[in-house]
Amino acid sequence: MNLQDIAKIREVNPVVVNYANFVTPFLVANGLNAVGASPIMSDEVSEAEELVQLASAVVINAGTSRKESWPLMNKLCEAANQYQKPLVLDPVAVGATQYRKALNLMLLEKYHFDVIRGNIGEIAVLAGIDWQTRGIDAGNGTGDMSAVVQACAQKFNNVVIASGEVDYISDGQQVITVHNNTKLLPAIVGSGDLLSSIVGAFSAVAENTLNAAVTASLVLSCAGERAAAQLDQQNRPGSFLSYLLDELANITPEQVQDLMKIGEA
Amino acid sequence: MNLQDIAKIREVNPVVVNYANFVTPFLVANGLNAVGASPIMSDEVSEAEELVQLASAVVINAGTSRKESWPLMNKLCEAANQYQKPLVLDPVAVGATQYRKALNLMLLEKYHFDVIRGNIGEIAVLAGIDWQTRGIDAGNGTGDMSAVVQACAQKFNNVVIASGEVDYISDGQQVITVHNNTKLLPAIVGSGDLLSSIVGAFSAVAENTLNAAVTASLVLSCAGERAAAQLDQQNRPGSFLSYLLDELANITPEQVQDLMKIGEA
Amino acid sequence: MNLQDIAKIREVNPVVVNYANFVTPFLVANGLNAVGASPIMSDEVSEAEELVQLASAVVINAGTSRKESWPLMNKLCEAANQYQKPLVLDPVAVGATQYRKALNLMLLEKYHFDVIRGNIGEIAVLAGIDWQTRGIDAGNGTGDMSAVVQACAQKFNNVVIASGEVDYISDGQQVITVHNNTKLLPAIVGSGDLLSSIVGAFSAVAENTLNAAVTASLVLSCAGERAAAQLDQQNRPGSFLSYLLDELANITPEQVQDLMKIGEA
């Protein structure tokens, strides 16, 4: 990765168009703003192409989509591919229902997504690998996470992030692991959605997609560690949420450099 | 009530499906997560039945529903009754418009709701009792709140909570009052919505519905008291919101035991 | 302006109906509540007229509207004009797409809006004045902001607020400037949406619309200054958000009197 991209985002202020769920958009918008990107959301198909043209990245969060929004999602993805804007998919709870599975697989079949970001349970569903999950959580699978992520990236010819206690990130060849974390990040509903959108922001400035994914993962997890440190690691998700936005607004390449724990799997 | 259910939720992590309004879902989702439940929201009728099947409780918040969502609400309620999952109604501002009244009464006629949670003004409307309210607030009625709540519970053959300075909770026979409170809870838009969803979570683990309602009311109001104590009772709703989530994530049966003030009306 | 309106809102608790975007309604609702107003949101056209009748002001935020919601927006505006309730428009990102431009100009042609609140880039688009902007931000125009705001107010025969480092407020004749600010307010996605809704609240109690706009601008910017002072002006948007709500709930006419820096342009 190139940690100088953390500074670059604050210069360029890339516009990130989000097809958002209706639960977490405030966190996603403010988190994007904090790292230096400019978020925009929309619910109207007829403006989708223009939004993508002015944007530097497009993020599709399928968390609470309804069938009436499929034309909008299709248009955003089509335009992202057409205008060569990085396209990110967050397959929220894809294992929970047939509808979610059909929607995500339809999108992945019709469009090229540069990045998929989910928990290991969601990534396993997309990869077609059996995994113990209730559909909405990471589940208790004990398989080789590295192999799951790599298989998914190979299947969709892209970069895949399975975020969790350790983030597994693969372009189908390499598997890079990010070991920075805090128990408070998964305690926040929407921290995964935010990571997906931050990946979009870094895709707009990074040299390549794998770099963008690793840097984004480091930025969120190191900001999380710094926020948790202010709380002496106490389990206080409400205060953590405030401090996380504080840290995202200030985190520097040097701070990430000092904290980061990455490996290869 | 059985305060050990506070510990049980953290073991079981019951999935609570929320038909949410679009104003407060982030608070509701993070509040549910903090007490140990797993929230999921949806805006698509074709996945409703599957979501209910994997869930342990279903909560309908009619705060910003549109007519196009009636099929989704109907399907969630129908499936909750069919699969015997606890079903909770939050009749937000039911007295404000004919549309809201028609929607809530339609739902209550077609399905059995295990719990209704509203302010006293909303409960009075459902019970068919005259009460001074602008439709969106508790109003200034000076009647016997205990009788209103009991009448509503008898009418719908369920458990009813009128939350406010004192929470009145009835199964149609008993009326239990919870006197724990802080002025900061009603100062938060969405604290009532959150209570409704926490009732759903406790319904999934409690021995009976009345117990679930009382425990949920105690958990939110005692967590609120603890959060307000950190602020020396100052009127600081923004800081309170953070501390409330902190306290919800840590509250123990023992802490509630020490603080609780309940009575019978 | 009349700073005693700050106290008056807390007595009257005016109901403000918001056609909200789906990104920031939680902030808007809690911010309105903090200043002493009662927020209500809706997504259903058939209750629009009743909601306007019980309300004291109506605010249209066009930030994430879809075509299916045009009947609802039309009905809210029509009823606001019919029942002479103050009507406020927030033309979010009006310069970004043809759809947004068409929507906002349609609304402005069919209904009389008492106030338009946007950033200078958005106001310039409505005024028909060339301005450098990507469509979603204030842009880098170097023209005479005062003239832009005045021209917009003359065109639509109302009061216009261009909020930013300095807020420019005009009724088409006078241009009043509010110089209170902090860099943290624009760092929050939704602070502009909140200002638009607070303007609605003050319109419900102020002697005239220009007064309402100036008082609202002062309340938000002075509360922002007080919140930032608690953070020693550090760039901590998450903590600022909490403190901003705290300050909005407590700000007094005297505090605003002490801090305010207004001028005429």
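The first chain written gets the first letter, and so on, giving A, B and C; residue counts start at 1 in each chain.
Criterion: contacts are C-beta pairs under 8 Å (C-beta built on N, C-alpha and C of every residue); 3 or more make two chains touch, one makes a residue touch a chain.
Only a predicted model underlies this, so the values are computations on that prediction, with no experimental measurement involved.
> Common contacts of chain B and chain C?
Touches both chain B and chain C: A.
> Through what angle, between 0 and 180°, must chain A be rotated so its C-alpha atoms fit those of chain B, rounded to a multiple of 5?
Between chain A and chain B, the superposition angle is 120 degrees.
> Chain C and chain A are one sequence twice: same or different residues at the contact, by the over-half rule?
On the two sides of the chain C and chain A interface, the residue numbers are mostly different, under half being shared.
> With chain centres defined as C-alpha means, what is the inter-centre distance between chain A and chain C in Å?
32
> Provide the list of chain A residues touching at least two other chains, using ranges where the numbers run on.
22, 26, 68, 241-242
> In their complex, what parts of chain B are in touch with chain C?
21-24, 26-27, 63-68, 93, 96-100, 134-137, 187-190, 235-239, 241-242
> Which chain A residues qualify as touching chain C in the complex?
Counting only chain A, the residues touching chain C are 15, 20, 22, 25-26, 29-30, 33-34, 38-44, 46-47, 50-51, 54, 68, 241-246, 249-250.
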